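Comments concern the structure below.
Per-chain residue numbering starts at 1, and chain names A, B, C, D, E and F are given in the order in which the chains are listed.
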Amino acid sequence: DFMGALSEVSAAFGSSEEELDACLTNGIIHFSPHIEKILKEGQLRVEQVQHSERTPLVSMLLHGPPGAGKTALAATMAMESEFPFIKLISPETMIGMTETQKVNAIHRVFQDSYKSPLSVIVMDDIERLLEYTPIGSRFSNTVLQALAVLLKKQPPKGRRLLVLTTTTRRHVLEEMDLMDSFSSELYVENLRSLEEVNVVVKNLKLFKLDDDRRTAIATLAKRGIEGKLSISIKRLLMTIEKARQDTDLIGRFVSDMDNI
Amino acid sequence: DFMGALSEVSAAFGSSEEELDACLTNGIIHFSPHIEKILKEGQLRVEQVQHSERTPLVSMLLHGPPGAGKTALAATMAMESEFPFIKLISPETMIGMTETQKVNAIHRVFQDSYKSPLSVIVMDDIERLLEYTPIGSRFSNTVLQALAVLLKKQPPKGRRLLVLTTTTRRHVLEEMDLMDSFSSELYVENLRSLEEVNVVVKNLKLFKLDDDRRTAIATLAKRGIEGKLSISIKRLLMTIEKARQDTDLIGRFVSDMDNI
Amino acid sequence: DFMGALSEVSAAFGSSEEELDACLTNGIIHFSPHIEKILKEGQLRVEQVQHSERTPLVSMLLHGPPGAGKTALAATMAMESEFPFIKLISPETMIGMTETQKVNAIHRVFQDSYKSPLSVIVMDDIERLLEYTPIGSRFSNTVLQALAVLLKKQPPKGRRLLVLTTTTRRHVLEEMDLMDSFSSELYVENLRSLEEVNVVVKNLKLFKLDDDRRTAIATLAKRGIEGKLSISIKRLLMTIEKARQDTDLIGRFVSDMDNI
Amino acid sequence: DFMGALSEVSAAFGSSEEELDACLTNGIIHFSPHIEKILKEGQLRVEQVQHSERTPLVSMLLHGPPGAGKTALAATMAMESEFPFIKLISPETMIGMTETQKVNAIHRVFQDSYKSPLSVIVMDDIERLLEYTPIGSRFSNTVLQALAVLLKKQPPKGRRLLVLTTTTRRHVLEEMDLMDSFSSELYVENLRSLEEVNVVVKNLKLFKLDDDRRTAIATLAKRGIEGKLSISIKRLLMTIEKARQDTDLIGRFVSDMDNI
Amino acid sequence: DFMGALSEVSAAFGSSEEELDACLTNGIIHFSPHIEKILKEGQLRVEQVQHSERTPLVSMLLHGPPGAGKTALAATMAMESEFPFIKLISPETMIGMTETQKVNAIHRVFQDSYKSPLSVIVMDDIERLLEYTPIGSRFSNTVLQALAVLLKKQPPKGRRLLVLTTTTRRHVLEEMDLMDSFSSELYVENLRSLEEVNVVVKNLKLFKLDDDRRTAIATLAKRGIEGKLSISIKRLLMTIEKARQDTDLIGRFVSDMDNI
Amino acid sequence: DFMGALSEVSAAFGSSEEELDACLTNGIIHFSPHIEKILKEGQLRVEQVQHSERTPLVSMLLHGPPGAGKTALAATMAMESEFPFIKLISPETMIGMTETQKVNAIHRVFQDSYKSPLSVIVMDDIERLLEYTPIGSRFSNTVLQALAVLLKKQPPKGRRLLVLTTTTRRHVLEEMDLMDSFSSELYVENLRSLEEVNVVVKNLKLFKLDDDRRTAIATLAKRGIEGKLSISIKRLLMTIEKARQDTDLIGRFVSDMDNI
């Protein structure tokens, strides 16, 4: 029976819910309609994997600038699938591993996923798994070759798999001929308007008084920031929290935003 | 006696029929006369190996864009030969192997084939076996040297061998001086006309009503897609199955086809 | 209780206070208001780590020319935090280690830090940890990949970490895509005016008579040194101590300063 | 006594007659006077080794396009020498060997040859022994250095050695400074005239009727093939055997010849 | 007590006096006032290390053309310091060592030096320790990284260290960012005038008669050698000793000097 | 006593006289006064090593085109020294050795030489010891570094060493900064005139009749060969021996000489 299989799966392979939760310590702030769209697109892919027999493997790439929220969004999609097998492949658990150990660790997660009727794998920061560095375009060809095969390899009969991958280096994957391996891709943007910034600042209650917040945003507007603004949600969080330590909140926040 | 030999061969070395079947989960849709021609060319080569004593080794390269159906077509040819020894060499079974382990695995299949009077080997995704990546033109010279010899090495007296290789990277094989090793080559094309798309959509019964299908194709025609159209059968399958999940089938299908 | 935890932490992991003290044998001379600013910025970051739950990890890069005082300043910040866990990661303790041993040693310090509620890690001369050399842009990709992950990896729930890194090669970190991993950066300058030199010479009592010092500085001014002056505090110390050995203090000091 | 030595030699080291025979399954067709000249040049070298004490080592390079018949011709020369020690060094027996294993295998053959008063070694496809690939000009320097020494190393007193090497990559040997190591070189050409093709077709009895053959050749002449014709004997054999499978022999042969 | 410490140090670590003596088989000939200056500069550095607490580490680079006398001069300075710990680090004792073994050997000498209150290390031919070769700018990054750290690492409290390094490749150290690690540098020149040559010839008593010497020097002057003259003391010694074997001393000496 | 030492030396380390003899199977033909000069220069160096205490190490490089006679001439010099220790370092005895094994083998010969009061080492084909290949300028840096040190390392007190090295690649040694390590160099030329060829042909008695020889040389003169002539003694020997096999001696010799 299906339910038995489900509980067996998590019993046997554990799940990554805790780690995925840790990717969401600051939650998802809906600072733009874009966020909603991304999450819905994820939901649709979850359903496709669940219902189409002809495409037992779907793999999606979330790409965008550093700190844009890729990992948090992929984690959210994975958690909301409620598939019996949900696993995170993260470079954080592979520090100091050899290339072969990394391939084995990644391979094992895929092989485990093939045991579950429905699985989702979040593969975070694929450029780190690939040990990529722009100087001399170095990377692990051993890991690359394994990923190129795994991202295309169909699960065995009756098994379905959704792979959610994140990266800041889409163009490198392009150069590596790895883009063909993804069924679809999603772009995760930075915040680009003061209105979006305003939503986040408000949400995080940086200022006790609404007037202070409005003053801060207005000052930034006056300084002509709007046009060139492109800040990641991660850096915005850091800037807000730093400002919070200062006695002069408005001054600190405005000047730091201006220096980015 | 021949029949005894045949059954001995499969008894001793097993066969890859199940794996080759798995390459054909969506069957072969005859969306173009080109498909028929490719299959017939394969049949002819099968006969040449069977009957000419002067050319005991024939090797064919199927090349074309990603997802064009190369693997499915090579699998079909191999299965239809009904040779006693039919084997698939696939990178999927070699994840995490060292270069030497890969060479040994490939070598063993060739050596096994030399035991059968008639053999066919499908060597899938040769660029993956070669661990090729365009960045810095990295690849395994160990595997390359072994393949360069194996693809030219005549089977022992009285043995005949057909090798069917697939690749998306014909030009790389050219640069590697590997093209001389093939007796012939076949180009597997993408779908390039709406009529061909229409055949596939109809075959897969995406729309319950023929009128809907006609509307969808007509809309695509109006958008001027015909001229620039080049879609692989694999991606078309993915697009169709995704559309199937949506409530607005026509809209989703048309817009996704338009975005490719 | 917190106090118990603190003493446990240093009991279990030791501390690097002695090594950090050794970085300060010549103390901090306040030859410019810039020094004060840098130290205050450090203090602010210490407080942010201590109080904001949303940013449990803050990492700062101190960069500037060789000998500018980066290590001494980072050591001062770390000591003044009075966090229970204060550790120095220095290439001096890693001579002759393999890349993997270095990664393990670095990794262990981070893992130890995760055991303390509040930690500060001084990572000195990151280009040496990375085994960087400009000839052929060689470096250890193994160490780089580990650092790229560790500098972004959030400590576990309830733990906070401040990382202070020093380098003379900020542009190399840029090329390595490592700059995104730092929350902020500080530039540590050379001495650029004779007035600053004067403060140091006075402080170190090179001349017994104030008149001699004034004569020396005036001579340097006359030679037109002011405009092109850029000397590190470390080299200035060396020049002063060398001059001290000579019978002709003024002559030696002036001529050596002139030759730099 | 000499005869005793001879039979001892083959007893001790075996011979490669069977492998060399296998290089000649399609015999030598005398489609051009060039063939005779090459074989006579070989005979002359055999005699030089046999009679001159001053040149106990002679090494010859047979080079030319892929499939031109180099291996078959070298094998013929070796067999006709009737030296007591005749050995084939072929990459086919070295698949999957490490560079060191290859060097050892090659070295052993030379060392064995030093035991026989008269020896001939056929070293086939030297670029494959060297593991050469044009991408990045990769090759095994370990093998190259061993060959550079072995091809120049005089056999011990009283021993004589003829080395026959084949390659399609003479210019690579040039770049490797290996050409100085050969005493002489021979160029093995492709077929370049329809008359030569005619001889081969006749010899292999592709057509039952002489008229059909003449028609086929005449058609090719009409199509203006003569001027640009350059086909290897190996490819011509493949084309003939393929045509043989077809019902329309003339049509298939003509069109395939036209497409080369 | 200090004296006890001194004798303990040499007892425990031995000294390199014999090897350093061997560097001086031809003594120091004072052919130019430059020689005196170099030796005095060395003496000054010795005193600085001895007396300044603020600069417990001083490192000096002697650089100049091949054979100019760098090693002999560094050996002289080291011997004249009369420090309790005097050690030579020379590539001659490291032939065939791996990079790691070299690093360990070098590291050990530094660690031993930290046990003595006053130490001097002569590090000869640093480009050889670095295994540098201009073709492809190859070198041992393992050794480089260790030296970059050791040359900057302060000895422990109460210990003082003088490092004397020699090289013919100052510009390579520059490219390696290693020049920042030296406290000072000294240029050791070739002989550039016939007067200097004359001093050496006289000193070594090449000619029994002063007139012969004067004739030889005069002939060289007449040939216009003076302007382009640049000969190392090492090559001059070789030329003199070779001439000494000839019956025609003047002729041989003049013609060889002319051919350099 | 000296004589006892001598016989001990050869007893302990053997000698390479047999191998050096083998380098001289065709003797030294005095086809040009140049040959005499080279041999006398060698004699002079032998005496220098024997008599000068100031230059206990002399190293000489014999360089020139392939086959010019470098090895034969170096062997002759070594044999004529009659030093108690005479050793050949040849790549022929190092086939298949690793770089480290080669370094060890070379190092041992030098170390053995230090036991003898007077030693000569012939180091043949140094570019082969260095595993040099022009493609990608590959070579063994491990061997290079060892040679760079050994060629400069003074033997211990009371020991004298002469090193005779041969190469066809002087410019490569230049690029490797290895030329500074040699005390002197000698150029070994090809034959460049028909008169020199004539001497060799006569010496080897190719023609029974003097008239035939004169006719052959005259014919070559008429063909205008003189101007462009540059043939190595080795290739000339090969050409003569090949011609000897032919019935038409003059014809064969002339045409082969013409084709070089």
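The rule we apply is simple: a contact is a pair of C-beta atoms (placed from the backbone, for glycine too) under 8 Å apart; a residue touches a chain by one contact, two chains touch by 3 or more.
Model, not experiment: these values are computed from the prediction.
Touch-path distance (fewest steps) from chain A to chain F is 3. Chains compared, chain C against chain E: the Cα-based superposition rotates one onto the other by 60 degrees, nearest 5. Taking the mean of C-alpha positions as each chain's centre, the chain lying farthest from the centre of chain A is F. When chain centres are set by their Cα atoms, the one at the greatest distance from chain C is D.
Averaged C-alpha coordinates give centres for chain B and chain D that are 34 Å from one another.
In terms of their C-alpha centroids, the spacing between chain C and chain D amounts to 68 Å. Listed for chain A are no residues, as none touches two or more other chains.
If the chains shown are joined wherever they touch, the resulting network closes on itself as one ring, and no chain has more or fewer than two partners.
All the chains close into one ring, and from chain B toward chain D their sequence is B, D, F, E, C, A. Of all the residues in chain E, the ones that touch chain F in their complex are 22, 25-26, 66-67, 91-92, 95-96, 128, 131, 133-136, 138, 168, 204, 237-238, 240-242, 244-246. Put simply, chain A touches chain B in their complex at residues 44, 47-48, 51-52, 54-55, 58, 100, 103-104, 107, 137, 139, 141, 144-146, 148-150, 153-154, 157, 172, 175-177, 180, 183.
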